[in-house]
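Before anything else, here's the structure in question.
Going by the order they are written in, the chains are A, B, C and D; count residues from 1 in each one.
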Amino acid sequence: MSSPRVTVWNEFRHEKENPKVAAVYPDGIHEAIAAGLRDFGLKVRTAVLDDPEHGLTTEVLGETDVLVWWGHRAHGDVQDEIVERVHGRVLAGMGLIVLHSGHFSKIFRRLMGTSCDLKWREIDEKERIWVIEAGHPIAEGLGEYFEIPHVEMYGERFDIPAPDTLVFVSWFQGGEVFRSGCCYQRGSGKVFYFRPGHETLPIYYQPEVRRVLRNAVQWAAPSGGPQMTFGQRPQPLEDF
Amino acid sequence: MSSPRVTVWNEFRHEKENPKVAAVYPDGIHEAIAAGLRDFGLKVRTAVLDDPEHGLTTEVLGETDVLVWWGHRAHGDVQDEIVERVHGRVLAGMGLIVLHSGHFSKIFRRLMGTSCDLKWREIDEKERIWVIEAGHPIAEGLGEYFEIPHVEMYGERFDIPAPDTLVFVSWFQGGEVFRSGCCYQRGSGKVFYFRPGHETLPIYYQPEVRRVLRNAVQWAAPSGGPQMTFGQRPQPLEDF
Amino acid sequence: MSSPRVTVWNEFRHEKENPKVAAVYPDGIHEAIAAGLRDFGLKVRTAVLDDPEHGLTTEVLGETDVLVWWGHRAHGDVQDEIVERVHGRVLAGMGLIVLHSGHFSKIFRRLMGTSCDLKWREIDEKERIWVIEAGHPIAEGLGEYFEIPHVEMYGERFDIPAPDTLVFVSWFQGGEVFRSGCCYQRGSGKVFYFRPGHETLPIYYQPEVRRVLRNAVQWAAPSGGPQMTFGQRPQPLEDF
Amino acid sequence: MSSPRVTVWNEFRHEKENPKVAAVYPDGIHEAIAAGLRDFGLKVRTAVLDDPEHGLTTEVLGETDVLVWWGHRAHGDVQDEIVERVHGRVLAGMGLIVLHSGHFSKIFRRLMGTSCDLKWREIDEKERIWVIEAGHPIAEGLGEYFEIPHVEMYGERFDIPAPDTLVFVSWFQGGEVFRSGCCYQRGSGKVFYFRPGHETLPIYYQPEVRRVLRNAVQWAAPSGGPQMTFGQRPQPLEDF
């Protein structure tokens, strides 16, 4: 297919309020993610929480093949109406990539149906991300594992439905493990949760992380299957 | 384990308003389902929509190992607060069995995260339910298939997440197929969707259907695993 | 990625012995399948059982991204050594598409680990193939279902591991259902079982069937993930 | 159901040749495992490689509901005929629990269809086994994780089909992760792979390990579903 049209959404609050975050992501996390995707030749636009309709108008979503989501502190400020709009688009085929603290976003919890809770710790420990399904498109171009030198830890139990495909499992220096790359089909849309990323750490500049994001966008793009239809079918397909 | 404590929940509106339904289920669909389960020696109580708190008080749910859910016309009358209460109980380990038109109940859609929509037709056609996973506990005591002579048809696309285990697939006389027995793990709770049943047809008296319901209750009962805990873990498990 | 290199393998015995088969597939089933794939611009070569090494030399397999397999009567004539060679290539990343009576081929049974047995009947009944996962790449360009007017029936229980993704379920006029499109990841390779096809019926000329085969080839092509390595790792990755 | 009849199979060579192993398992690994199961009230017999027919006669297997398998050095000495006999019994409904180095046993590789290879290291490092599916019966009675102080490490990529249910993931001190508790349905039989155990380490005396083995036996016991039948069905189920 032709190149998917990507929208990177960011809460974009930390960067304006916390100099430590602004030092790492001066133009916002969304711009760092978008830049990584553009380096692979993808068409990317961005949208942020404080845009009208959070930047996710019906028009924007209608022109979006894959939506990338970063949020953390302000999940509650995302309007339910916009969440339902995004949800409908995913079921209709739009891809969705949820990053790091987005595990607690309204849209991810809406799609998963569970609490999406987990354990966490901030001591800048090491993470080693192991590829569990080497044949999955999201693992393209990676080695058997890659490391992120300093991270916020996320640990199991991660309260999600068992993923359709588990691509990555993380090892943490402090003793935990985590399902870090999880693929789901929901309606006609593909959803990928990817753990790495934190507002105070330069993780979205790391080449392996950027590679995964690009691969995930390619994988999550709509695949042109049948439009699903529902409701009453008064006439049987076979004679009676 | 000891015998699971079952609560059968029914909307219980059709029976009071439609003589045709009352003729089939004079004491309500819940009592027909409960009677089938009691015949297997299970402890069963019932609850209905018009009870205070829909009969699903914190106390009742706290004493319920498996909740069976039948609803159709009045999904919208179920209070969101009660849906959240049931949802929390499922994540904490309570089993949930959702029947037939319950596919559109708030609790099932909340747990699935999708539209749960489907195709349907009422011409009293034949359904043949094939066992796909003969080794699953829910198939205990069945033959390779069983038939229901007159049913409302439900057809694919059934907009659900792919089940963790697909136990039954239905063949319909009119030309459709349907995933009729779907197992899910959500949080610490087990969820089973079972297609058969209709307010105007005596399906909940059929022995194979009653057998499946009993098997599903046994399967869905809490299994005594660890209590999941979440949140910050300031101290690593390993030395730094 | 660039266009996958396809090899279509056929037993090619029926066509030479049975005029009824030769009338439908005068150049062999492999050429009909290959022609359908070439119409989509794919690079396709063919190989048959009676070629030296069944046409599946190390060199040929080394230049094959996706292997399509059709066999029926002579599964036992395929040398075990060649089966192991194909098996090794699949685990290393080559895609494999197994068609119809290939369910009983040595290579499919080797990869599945089960009997791969099923029910069958030849009365030229109608089959209706329903798309269950509309968002899967193999469903690209299809409608919600398609029909094949005359087929050999295959019915459940199909003794396979539950597929990683179930894309199609068939309805048969005679009363059975079947999981007709089944995706598996095995090692680094992707495997797709697709039910349609029979030596005496012109099924491999039908546009929907050809479309599925093309989609399956695209999906099954190697995705460039890490080379898996195994064995002793005397040194830990972390200090002791 | 009534208590499952268990047979614990052991290669039983290390114990007779290596005093270090005999010191840990003086009566053989099988007796340590059997003792742990008997403490839970289960009926257990044992069989070893050097018994006639490896102790796995048709009669013994016919009286076995769940077979537990430990092997390491002598996988090649297990006769193919006996492997096929065990394989047939699993497909017919017998449970199979494969332990530790049994990942390379003929029967496990036969059932998985993949290489079942992995990474390994023997430096007596620490393992922490995390419960990923707290609601699965195999996690009954456990905490959120348990530790084994000294183990042989097994690391990903573990070349298995993605499990139907992933119950445990291990963290290793040296930096690896591993899918340590994997459930599969194969035919009518249930298969569980459980990583812990080593001939020179007292792991099969550890209470958490014994608890998992008991839970796995309960889970893997046959569940009384329909006998699967296969082959030609000349007559359709529906009129033509």
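In this section, contacts are C-beta pairs under 8 Å (C-beta built on N, C-alpha and C of every residue); 3 or more make two chains touch, one makes a residue touch a chain.
Everything quoted here is computed from the prediction, not taken from an experiment.
**Q** So which pair out of A-C, B-C or A-B basically repeats A-D, with more than half the contacts the same?
**A** Equivalent chain pair to A-D in A-C, B-C or A-B: B-C.
**Q** Where are there more C-beta contacts: B-C or C-D?
**A** When C-D is set beside B-C, the one with more contacts is C-D.
**Q** Look at all chain centres (mean of CA atoms) and spot the one farthest from the centre of subunit D.
**A** A
**Q** Taking the mean of the C-alpha atoms as each chain's centre, how many Å separate subunit C from subunit D?
**A** Centres of subunit C and subunit D (C-alpha means) sit 31 Å apart.
**Q** Starting from the mean Cα coordinates of subunit B and subunit C, work out the distance between those two points in Å.
**A** Subunit B and subunit C have C-alpha centres separated by 37 Å.
**Q** Return the residues of subunit B touching two or more other chains; collapse runs of consecutive numbers into ranges.
**A** 128, 131, 133-134, 144, 155, 157, 162, 164-165, 173, 175-176, 185, 187, 228-229, 237-238
**Q** Show which residues of subunit A lie in contact with subunit C when the two form their complex.
**A** 93, 128, 131, 133-137, 139-144, 164-165, 173, 185, 187-190, 222-229, 237-238
**Q** Would you mind writing out the residues of subunit A in touch with subunit D in their complex?
**A** Against subunit D, the touching part of subunit A is residues 128, 130-134, 144, 155-157, 162, 165-166, 169-172, 175-177, 179.
**Q** Can you list the residues on subunit D that touch subunit C in the complex?
**A** Within the complex, subunit D touches subunit C at residues 91, 110-115, 117-121, 123, 125, 153, 155, 157, 159, 161-162, 164, 173-176, 184-187, 228-238, 240.
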